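My structure is below; once you've seen it, I'll send some questions.
Order of writing sets the chain letters: A, B, C and D. Residues in each chain are counted from 1.
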Amino acid sequence: MKPITRTTRGVYAIAPTPFHADGTLDLDSLRRLVDFYEQAGVDGLTLLGQMGEAPKLTHIESVKIVETVLARARLPIVVGVSAPGLGSMKALTDDVMSLGASGVMVSPPNTLRTDDQIVGYYQQVGEGLGPDVPIVVQDYPLTFSVVMSTPVLQRIAQTVPTVVMLKHEDWPGLEKITALRAAHEAGDMPRLSIMCGNGGLFLDFEMQRGADGAMTGYCYPELLVDIVALTTDGRTGDAHDLFDAHLPLIRYEQQQAGVGLAVRKHVMHRRGLLTSPTQRTPGRTLTDTERAEVDLLLNRLAKRDPRTAL
Amino acid sequence: MKPITRTTRGVYAIAPTPFHADGTLDLDSLRRLVDFYEQAGVDGLTLLGQMGEAPKLTHIESVKIVETVLARARLPIVVGVSAPGLGSMKALTDDVMSLGASGVMVSPPNTLRTDDQIVGYYQQVGEGLGPDVPIVVQDYPLTFSVVMSTPVLQRIAQTVPTVVMLKHEDWPGLEKITALRAAHEAGDMPRLSIMCGNGGLFLDFEMQRGADGAMTGYCYPELLVDIVALTTDGRTGDAHDLFDAHLPLIRYEQQQAGVGLAVRKHVMHRRGLLTSPTQRTPGRTLTDTERAEVDLLLNRLAKRDPRTAL
Amino acid sequence: MKPITRTTRGVYAIAPTPFHADGTLDLDSLRRLVDFYEQAGVDGLTLLGQMGEAPKLTHIESVKIVETVLARARLPIVVGVSAPGLGSMKALTDDVMSLGASGVMVSPPNTLRTDDQIVGYYQQVGEGLGPDVPIVVQDYPLTFSVVMSTPVLQRIAQTVPTVVMLKHEDWPGLEKITALRAAHEAGDMPRLSIMCGNGGLFLDFEMQRGADGAMTGYCYPELLVDIVALTTDGRTGDAHDLFDAHLPLIRYEQQQAGVGLAVRKHVMHRRGLLTSPTQRTPGRTLTDTERAEVDLLLNRLAKRDPRTAL
Amino acid sequence: MKPITRTTRGVYAIAPTPFHADGTLDLDSLRRLVDFYEQAGVDGLTLLGQMGEAPKLTHIESVKIVETVLARARLPIVVGVSAPGLGSMKALTDDVMSLGASGVMVSPPNTLRTDDQIVGYYQQVGEGLGPDVPIVVQDYPLTFSVVMSTPVLQRIAQTVPTVVMLKHEDWPGLEKITALRAAHEAGDMPRLSIMCGNGGLFLDFEMQRGADGAMTGYCYPELLVDIVALTTDGRTGDAHDLFDAHLPLIRYEQQQAGVGLAVRKHVMHRRGLLTSPTQRTPGRTLTDTERAEVDLLLNRLAKRDPRTAL
């Protein structure tokens, strides 16, 4: 599979990890998901992120998931390999890269504070993983409590040649995209592919600011594909119209602590993609009230974007 | 002025503090704001919260603002009095209560961690401020890094008789409203008035979960008034329709670190309410790109809710 | 090997993980360390804690270390199995318990905040690891940012039957030992073995408060053995005299961020126990100035406790 | 009074704020303290720091304390003016500088994360307080959760001309002193006076690393004066001997959350300096067991440093 690069564009959907009701891996649903994502028109997949419940998996399970997806997909695959230490990070990286992954994603340990600590960390990661592993830096202060300023991202891009992509989910983050693009144009840093996360909550404007695409797990990846395409075609008004139709649901997904993931698994279950909406322990499913609220949002969405009707 | 109580309902708009371009207090704009809020139909005002740039004010300025508003308004006023210590908290509380405030709002210092520390803190506050000062507990983990579980809020309600209201902005928070209402109905805690913050991002569902109203600073308080009224009348479908029209802008306001406040001051400036959109240092105004984005959202909003046209 | 219990007493030395200068595991030094600890009179060993550089090891290396020690030692072994998720925690636990470990140590993920979250976490761990795995709870707020109050530890002890030991390193922590012992005597919680960490900085008083021993990595474990024995014999004056002689060095070890570990590895290298003082990346050795400072402290110590002379 | 400068040396004792048993200010004890510090040979005093229970005081009380001390003392006085916002910081600064203070101390708000945020904060403070107010930067990550790297301190020193002194209490911090001195000698930053805090726990080595003195509140400031003098005279062996005699008590004072301050107030009460060991709410006094432990340490200290006998 071709590696991700500094100019990778499009939608990399973050895939959930399907479990049976008893918490064991559900590889059949995983294969079905892969087919679905391909039909939805995404450009790649990201596995084993936060949303993929990565920390609840053993090393063996993690490898099994990547193997299953790579056997099925014709898409490039990015794999989350964040770990408390370089030891297990490198072990998983070596396994998934040799299986054919196109890159790995690394989030910062939440003990990092100073600029030098953050830059130093990614330098160690880059050196530790070796010159052939393209790296995605995940910039998500809300979850990791690590704040990467624009100068820090510049320094990482300047000094770690294998860092080629930014999973952008700082918040607020619009000005950061603009600043990173300006720094690149001024010759102050190599280009990074910027893929937007944060559940897509600001994707309409992020694309207009110069992002290359989306890397997030919204339960209708078709919407992400459309927003990227419409913006690329300069049809920003249409992009806003479509985006606004989905925003009430996108917003509802923006609930931390397992709720957002429960929403996604519920919708993907209702869409027939997941056999069960189960999260592995510790995790939860939607309460009855939450389920009713999501279903209400789905009904309202179907009126504004009839393709979503279930 | 009548004190706030456990059954207070409606919209308490959080008012920004108007400054001239040179950073001095703009009391004329403040009086204009008061008139505007009354005409918009809000039920009360909250002054000197985070959004009111309270930490940038001296004690004397804080008192001046409260005095000016109370001289003008016929509405009950809640005043933010959070401070690193009880000394200055009590000094400000005594001043504003004697001027006629209806209650004070207290956020937790971000050093609190355990349940006992949080409960103990509000017990000290309750005792320190005395039996005649109604207190609003601000539950806003995203900003204060203090997580108050439902049992903690129960214990505060049980043991601090002057705590009568919760400014609810936990995130996710829908289930918490349901749990608090259930605890009250089961006789496990006295009733608290629950007023919703978080910029209104979940107000549609929060009202349906049993909240009493909104206490937030969205730049169109008229929308908050309408959502509360429509939900109270059982017209939840209409509430969703109106809410969804405003959601793109509400979402855009959901940017921390001064951006959200800059949006609000910009819109209120465009609405003719503030003479200047200035935030006092440290603060910022919108960049050109941000201003264009907000203006785009305002134009789009005016099509869906023509009353907002500028 | 016999499992640890609620009445385990004595010294469990926390062993460093020896590396060659190139960062590979040094199993010869590890065997030499095991012999040394046995001769020093410790009652057990703790492997793969923070000090053991656990996060830098792969699963396979971790198992290899435990295997090597168990093949050599006649002492009970506790193994650190903390992990971001239950998946890898259980995998490592199963491996080391079947090799003959006497229990596992689990630190809390630093995302936990409320009492219920902390208690819930250890309930999940207890259930996940199964009824045959004795668990040590590591209470170390300075490093993990998780604050466990006495009521929280009571609830864990009450509801998780396999939690039998507390690695006590709250700070300040003397009153907590007293409170936990009082709660046990009042029948409010099952007894926990309390083993003290924090580098031994308060061990003199901790033993007098009712602790059962020490579980820490001071570079002279002989001192820990002596303090526990002297206190048990009621010779507290002698315990203080000996402790005070070592305190300047114990204090110097109390430097986070890898310095403390570098001190320990340096001293154990000088004592002929470790072939190399290397820490695996990311880590560091002492600077020249630090080395001179430690050697000065060793010289001064040798005058007050001649057995330590090198 | 002469302002503090980049070459200020010696001991600036951090004075506790004396309260009567009912929590009111005890100005008689404060005057007695001032006389005591002068006789003990300190070079200056620092008021209204964390140890001075500053957050519990009103603005009026804070000014009263500074006024009382300045009316009595012939020593330069540094005043802690940290506040959540520049408004109240400037108000207190103006008041105490016009009364004759020699400088102010400012700790960073614990919301700061990136290097740019920290540098930007002190730039705003420097500008806000004006060109005539010498500033002490308090670098105390353990309490404030703000980590200032050496490059950050360099940038502050380079860009904020009124920052002349560092209250050094990073931990570990020895290498930082060395790095800051090297940066100055290399011409990379203006000189800062470096005064050491952290309760004095590393003062022996900090002085040898190039610090200018101590700024901390150990209950025997005479010891701080002696260590600085002995090191300045090159008598480092004698300095270590004396330091080690006090270390068990210095160590016992190293307990956060009010315990350390309770120890200091207890000892100063026993020394006849404070009429009452009261801390204002929220605060605490020593438990019976703690008091017995401290008294034991005092008895043991009196044998090694007979001047301390009570």
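Keep this in mind: contacts are C-beta pairs under 8 Å (C-beta built on N, C-alpha and C of every residue); 3 or more make two chains touch, one makes a residue touch a chain.
What you are looking at is a predicted structure, and each value in this text was computed from that prediction instead of being measured.
Novice: Give a one-word verdict, same or different, on whether subunit A and subunit D use largely identical residue numbers at their interface, taking over half shared as same.
Specialist: Both copies touch with mostly the same residues.
Novice: Quick one: subunit A and subunit D, Cα centre-to-centre, how many Å?
Specialist: For subunit A versus subunit D, the centre distance works out to 47 Å.
Novice: Nearest whole angstrom, what separates the Cα centre of subunit B from the Cα centre of subunit D?
Specialist: One centre to the other, that is 38 Å.
Novice: Which integer distance in Å separates the CA centroid of subunit A from that of subunit B?
Specialist: The answer is 33 Å.
Novice: Would you pick out the residues of subunit D that each touch at least 2 other chains?
Specialist: none
Novice: How would one label the connectivity among the chains shown: line, ring, star, complete, or other?
Specialist: Shape = complete; every chain linked to every other.
Novice: Tell me, which parts of subunit C touch subunit B in their complex?
Specialist: By the definition above, subunit C touches subunit B via 113-117, 141, 146-149, 151-152.
Novice: Spell out the residues on subunit B that touch subunit D in their complex, using ranges where they run on.
Specialist: It is residues 53-61, 83-88, 90-91, 110, 120-121, 124, 128, 280-282 of subunit B that touch subunit D.
Novice: Any idea which subunit C residues touch subunit D in the complex?
Specialist: The contact residues of subunit C facing subunit D are 142, 171-172, 174-175, 178, 201-202, 205, 209, 240, 243-244, 247-248, 251-252, 254-257, 259, 287, 289-290, 293, 296, 300.
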